[in-house]
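You will see two complexes here that share chain A, one where it goes with chain B and one where it goes with chain C.
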Partner chain A sequence: MTTVRIYVTYKQSVFDPQAESVLNAIHQLGHEEVKDLTVGKFFDLQVEGDQAAVENTVKEVAESLLVNFNIETYKFEVLEAK
Partner chain B sequence: MTTVRIYVTYKQSVFDPQAESVLNAIHQLGHEEVKDLTVGKFFDLQVEGDQAAVENTVKEVAESLLVNFNIETYKFEVLEAK
Partner chain C sequence: MKIAVIQFPGSNCDIDLYSALHDVCNADVEYVSHKATSLDGFDAVMLPGGFSYGDYLRAGAIARFANVMPAVIKLANEGKPVFGTCNGFQILTEAGLLPGALKKNDSQKFVCETVPLEVVNNNTLFTTQYQAHERIALPIAHGEGSYYADEKILDELEANHQVVFRYASENPNGSLRNIAGIVNKRGNVLGMMPHPERAVEALLGSTDGLRLFKSLLENGTVKTEA
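Moving on to the complex of A and B:
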């Protein structure tokens, strides 16, 4: 069983109002030392199969379901392969 | 400047309907080899200061703003320290 983490973030060109408001809230708490913030989501998948099959599954699942390519981009890493 | 990534996930005891529905959708795509899935969010913070000050800022920001301790837990890692 392989554990794969898929990170989904907004493309650089996309303005993220959530990140903006969280950063403002952080500054209101007095933490001006926090200069920038980005927000993302991640999916941890437990996948059966050899490495090549797992990578293929991850790409298909990410590209057909988890990522909106109009505004998002993704990366993935293998966390654990047992 | 230090880049810190804060991972926020549901506690193990909390049922996550989003993860359940995403897993069902993955299976409907025919990917039965995906046996389990968890969903989380992450925040990348750019923070000024030395390592101790940065860790203190991260803890304060996570514990007073980013994490709902009733249902969530968090971890953080330093991605880059310049």
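Moving on to the complex of A and C:
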């Protein structure tokens, strides 16, 4: 079983009002040194199969459901393989 | 003309749509469950506003996988009228029947007010009873209504006259080019964030939405037979 974490965020070119609000709050907290911030979601999937099959599954799930390519992008990492 | 109003778990404007069509326009309309697998016998389909599947993941993202959606897509591909308001618009973009996506409002706030709109294209199945560039007022009520598409798609939408409604005063949600509603290239699928079904009787404060349904009832059957 492999544990894969998929991260979904807005594309760089798309304005994220949520990130803007959080960044403003960070500045109000006094941390002006924080210059940028990305807000996103992550999904941890437990997937059966060998490495190639797992990657295929993850791509299929991300690209057809978890990500809306009009506004979002994604990356994934393997957290645990056993 | 027989019209289906789809009910998803979390739809909350289905009764408004049904009432606008049935009680105000005397149209032949039926509720259809999200579990249905066929829309045989229907000439048009409407996707109501609301919060289908709790807006989980993204608004409209889960509804796209409902049992009824292949039948909605089939009907759209046959050139029959498909209309989505608010969450219905979000579902139409998620299902790929309309280009682009609806993002969270720039203000981060849920907006609920009546806003002025411009009828940009009065030459669609849904808008022939409006004047070109007429100003109307319709209610909006959404948290994720900021229309987004890349520049190329936006240019195509404008070139093909697919922008049907624009916000005519202050932009309430940050939508690009003030877009409030668009049709597909073929012109038979309309998605819009405003709620015409909530503006069909004087008692509701406005009747500006009524002509959208009347346009459709007048044009729908005729044009799709061609």
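Criterion: the second predicted complex is superposed on the first by the 82 of 82 C-alpha atoms of A that agree within 3 Å, B and C clash if a C-alpha of one lies under 4 Å from a C-alpha of the other, contacts with A are read in each partner's own complex, and residues count from 1 in each chain.
Rule of thumb we're sticking to: a residue touches a chain if its C-beta (ideal position, glycine included) is under 8 Å from a C-beta of that chain, and two chains touch if they have at least 3 such contacts.
Because the structure is a prediction, the values reported are computed rather than measured.
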Chain B versus chain C as contact partner of A:L29, first or second or both or neither: first
Touching partner for A:T38 - first (chain B), second (chain C), both, neither: first
Which superposed partner A:L66 touches (first chain B, second chain C, both, neither): both
Touching partner for A:S21 - first (chain B), second (chain C), both, neither: second
Which partner reaches more residues of chain A (counting touched residues only), chain B or chain C: B
Residues of chain A contacting chain B in one complex and chain C in the other: 65-66
Footprint of chain A on chain C - complex, ascending: 57-58, 61, 65, 93-94, 99-101, 103-108, 148-150, 174
Residue numbers on chain A that touch chain C, as the complex places them: 13-15, 17-18, 21, 65-66, 68, 70-71
In the complex, chain B residues that touch chain A: 1, 7, 22, 25-26, 29, 31, 33-49, 53-54, 57, 60-61, 64-66
